[in-house]
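Shared between the two complexes below is subunit A, which pairs with subunit B and subunit C, respectively.
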Partner chain A sequence: MRGAAALILLALFVAVAAPSPPASAIGPGEALEDAKLEDRARVIGRQLRCLVCQNQSIDDSDAPLARDLRRLVRKRLTAGDDDRQVIAYIHARYGDFVLLRPPVDERTWLLWFGPALALLAALAFLFRRLRRPRTAVTAEALSPEEAARADVLLGDRGDEP
Partner chain B sequence: MPSRRLLYLAPLAVFAVIAAAAAFYLQSGRDPRLLPSALIDKPAPAFSAPGLEYNGKTIRQGVESTSFKGRITILNFFASWCTPCLVEHPQITALSKTPSVALVGINYKDKPADAANWLARHGNPYARIGVDPAGEIAPEFGLYGVPETFLIDRVGRIRLKQVGPITAQVLKEKILPAIEALKK
Partner chain C sequence: MSAEIGHFALIVAAVLALGQSVFPMAGAARRHGALMSLGGTLATGQFVFVSIAFGALTWAFVTSDFSVANVVQNSHSAKPLLYRITGVWGNHEGSMVLWCLILALFGACVAWFGDNVAPGLRARVIAVQGMIGLAFLAFILLTSNPFDRVNPMPADGRGLNPILQDPGLAFHPPLLYLGYVGFSVTFAFAIAALLEGRVDAAWGRWVRPWALAAWSFLTLGIALGSWWAYYELGWGGFWFWDPVENASFMPWLVGTALLHSAIVAEKRDALKSWSILLAILTFSLSLLGTFLVRSGVLTSVHTFATDPERGLFILAILAVTIGGALALYAWRAPALKGGGLFRPISREGALIVNNLLMTVAALTVLFGTLYPLIVDALGLGKISVGPPYFNATFVPLMAPLILAMGIAPFLPWKRADLAGALDRLKLLVAVTVGAAAIVVFLEERHSFAAALGIGLAVWAIGASVLELAGRVRLFRAPFGESLRRAAAMPRSAWGMTLAHAAAGVVVTGITASSVWQTEIVRVMKPGDRAEVAGYTVAFAGVQEVRVGNYLARRGRFTVSESGVALATLSPEKRVYLPQRTPTTEAAIRTTWFSDLYIVLGDPHGEGGHAVRLYHNPLVPWIWIGAVLMFLGGMVSLTDRRHRVGAPRRSVRPVQARPAEA
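Let's look at the complex of A and B:
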């Protein structure tokens, strides 16, 4: 029963998380004749940020700048650049910010690996906490003053059984 | 156990560090929308822009990136429809009078008639004006709006980029000192 529920949950999660093909802002006459090249241009366009919009790719932004960059991508592809070269061409001009997926280098390792490190640290802390044997509560002997006070409070009943 | 008590303060300490960092960046006056140019100290991209023509008259000759070699160049992207360009126009005009600096303009996504009228009304400080009606040269320079201004040294490398209008303060504190440094 629980297994089935988990399966349904998992299916739901996958359905929600799976990327549906995004709608594109490509206007009429923009797409390349060559369908293969156009497909590559679309894939590249989805990896480049439109710099004047908030977190839209140039593929799904209507901004004029996004259109210009889409055209530049297609121009480079037509000129024979491979996908990597096209992205490098635009990266060289617009900097890291144009990449929706930041590069992994010494300036961004904290960004990339920080969450995993924090999770590992938290897990390590948790495991150490769980594995530690519960400290038994040991009764300490009463000091003479405490014993005297206890006697007063309990009434002097002596020690007879 | 004092050490355990201190442990309870750890989240507060983490928060304090984050808050201090946030306060520092908020106070620093840094505008996160201004991106550092990826082209600083790189050669200016090669391009060739035809001159600004209107009514059968050439208002200015076009701009070739090869002309950047051998002198200090200010390359200014402007448009008649761009209000901040009007704000910086007095400073651009002042720059055109700076000795041994060539001021060239790229008229970005403009109609020749509009550009010609705008220049007639506000003055034309540019030695040369290339047109970029379709916004094809602009992405070569990593442009994402107008005005943007590039300072190019004698070997044709981009040394400084100003995004947004050159106010009197920007001119005095950023552009002119950079030009002086290049003259040495």
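Let's look at the complex of A and C:
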């Protein structure tokens, strides 16, 4: 079970660095000269929703609004904002809906922590179940008649993964 | 006439489905042989009549019978024959008929190939299939009749959504439905077992081939959808965590868990109750997917029915099926006896890890998909749940899953020695860590993600190769001996090895194309050149063409490498008539190891065009891997012990047993 704890730790670690496709719908002349700044703009762009589109980030969309937002992001970055400030700037003007990574608040606790809690609960359940010697349950032997029937139904049961 | 024949056939099919739900069930309860076998006949009949209805609808589309409303709304006489046929399921009504056709096919298959299943259980399975069929046939007849006529008859149709006029998307729904609906059989097996109050190792054995078949088709269907998104949506992405994608992905995740737990149920007589729950959940998620797509609750790129009345009807089917199944489970499952004992570190334990992570991953996807709807419905505002959420929650679950997948085949049943297994894998551990270290060393930007992805891929593929080598005693026995062992290996072992290695191939593709993509966006005039990842792409110009039912601006790009011309690529911007819908057709040159991907944008300045050039390394491996997974499933399915109906029949008919709950 210590292995499981290590895995969870690893999992949390990975969560910070999950990749996503860098492809985008960005147009000619939009990208910033400064490659580092442009990289940051892409990371931010993938976290903002194109409000008039169906499930697209501003980086994925050809819509004029998406292009305006991409420009806005780059303008704020060039002005010296850090990533968090840029996102906060757009969040303040367009509301929660613009954030593809929903904010962590009382509405979204279940969303963010539900799966992890479910995993922990399941692990705890399994841990107790497998730890406890199950003396009460003994496998019942098949009667000869049942065994014969099982053989007929199953054919042979050889080694198989 | 054909429309009336089709409508009538649907009604007959619904009546047969009613009989199919009642008679075999009653027969199984009273152990009445004739009533039980009537189920098989009715299932065959239902299939025949749904086929007639489907054939009639197809005929109406092929002959462009514009007296049928559905044809008017979704077809056009200028459409190529292929898309007149695939247009049958490129709309709500027709796609539901296809759903029913595949459902009836699976029901009939249980009747045709289920000889080895105990008659009582088989009768109940067929009855449950009949009930599902009845519900969906009633849905079509009451809310979505595809055979409605229009009067007066218009001169021509309105045409199929141009996005659907594409080979990838044309065959995406049938494959997806083979998967979705295939899980109805495992669901029916679960319900039938609960009704009988008896689940034994044989149950696991009977369920496995059906789960395997459904899973294989679902894998292929999802991959085809993703491939379509890649080449059609025009910016080289392949998975968008779109709600409709998620709707098909959730049954896949839980279905994968079922596939593995059923092995434990068969081999070790354990996890039986859990397998039944997974079978119920998998089909429930398939139904949920159908509901989400068909009801218009979610608006998405490829939703084509938005009708609240229909949504309500499907919601009712959903509530009765899922609610009823879970209630039955809560009532009967506690009486099911537990089976084989095992230690946490064992093959059973590893398969439980798979089950746990797959179901939690499905839960994550479910939460992410439904949460915005729930928050909105509760009046708490509008929120979005997009790729950043899914990447942050889903990827961390997949990493340990792949680690466990590599090591599980090295663990024996019941009680295993983890240190011993790792000792056998120590070379692979070193190679994996080495590969990850090299990636960290070479890559600056997303080094952690890249190293993790490549490490996991090396691990998955390497472990499969080692497992295979160990089985055939490669280099430890004479080569002839190894070959003999390989030939004697059960097909299901080959299938597992292939599918597990394929998972590594998919991870390689996802990682490499995400991390090492090159993108160039610029305005190009005829004669301009651009350099992408060692290729020189020269823009020759744009011409206007008219092809069939669309107009296109077609770009011409010549691709060369060190002065050697390799290919001419022609990306297009199309406008489909008669709707005047624009679409973008990327041009792709693939080497199987990478794609050069060109998108023609809008005119820009004098004679110039916006052009996007991408180099996507290893991206084809995503779909190659998915196809290998499918083949793994198919190879497994041909295993003598899996082959539906193949095992020897019992000499004397097996008596149905009284319920023991």
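In this text, the second predicted complex is superposed on the first by the 91 of 161 C-alpha atoms of A that agree within 3 Å, B and C clash if a C-alpha of one lies under 4 Å from a C-alpha of the other, contacts with A are read in each partner's own complex, and residues count from 1 in each chain.
In this section, a contact is a pair of C-beta atoms (placed from the backbone, for glycine too) under 8 Å apart; a residue touches a chain by one contact, two chains touch by 3 or more.
Note that the coordinates shown come from a computational prediction; the quantities given were computed from them, not determined experimentally.
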Which partner chains sit in contact with A:F97 here, subunit B, subunit C, both or neither? Use first/second/both/neither. both
I'd like to know which partner A:V52 touches here: subunit B for first, subunit C for second, both or neither. first
Does subunit C touch more residues of subunit A than subunit B does, or is it the other way round? C
Does subunit B (first) or subunit C (second) touch A:P64, or do both, or does neither? first
Would you tell me the residues on subunit A in contact with subunit B in one complex that are also in contact with subunit C in the other? 95-97
For a test of understanding, state which residues of subunit A touch subunit B in their complex under the given definition. 51-52, 64-65, 68-69, 71-72, 90-97
Partner subunit A, residues of subunit B touching it in the complex: 35-39, 42, 45, 109, 134-136, 138-142, 144-145
Subunit A - residues contacting subunit C, complex: 1, 3, 7-8, 10-15, 17-31, 39, 46-47, 49, 54-57, 60, 95-103, 107-108, 110-112, 114-115, 118-119, 122-123, 126, 130, 134, 137, 139-140, 149-150, 152-161
For subunit C, which residues count as touching subunit A in their complex? 116, 118, 200-202, 205, 234-243, 263, 267, 269, 299-301, 337-341, 343-344, 349, 352, 356-357, 360, 363-364, 367-368, 371, 375, 380-389, 391-393, 395-397, 399-400, 403, 409, 418, 445-446, 448-450, 452-453, 490, 492-493, 496, 511, 513-515, 517, 519, 521-523, 601, 604, 610-611, 614, 616, 639-641, 647-648, 650-651, 654
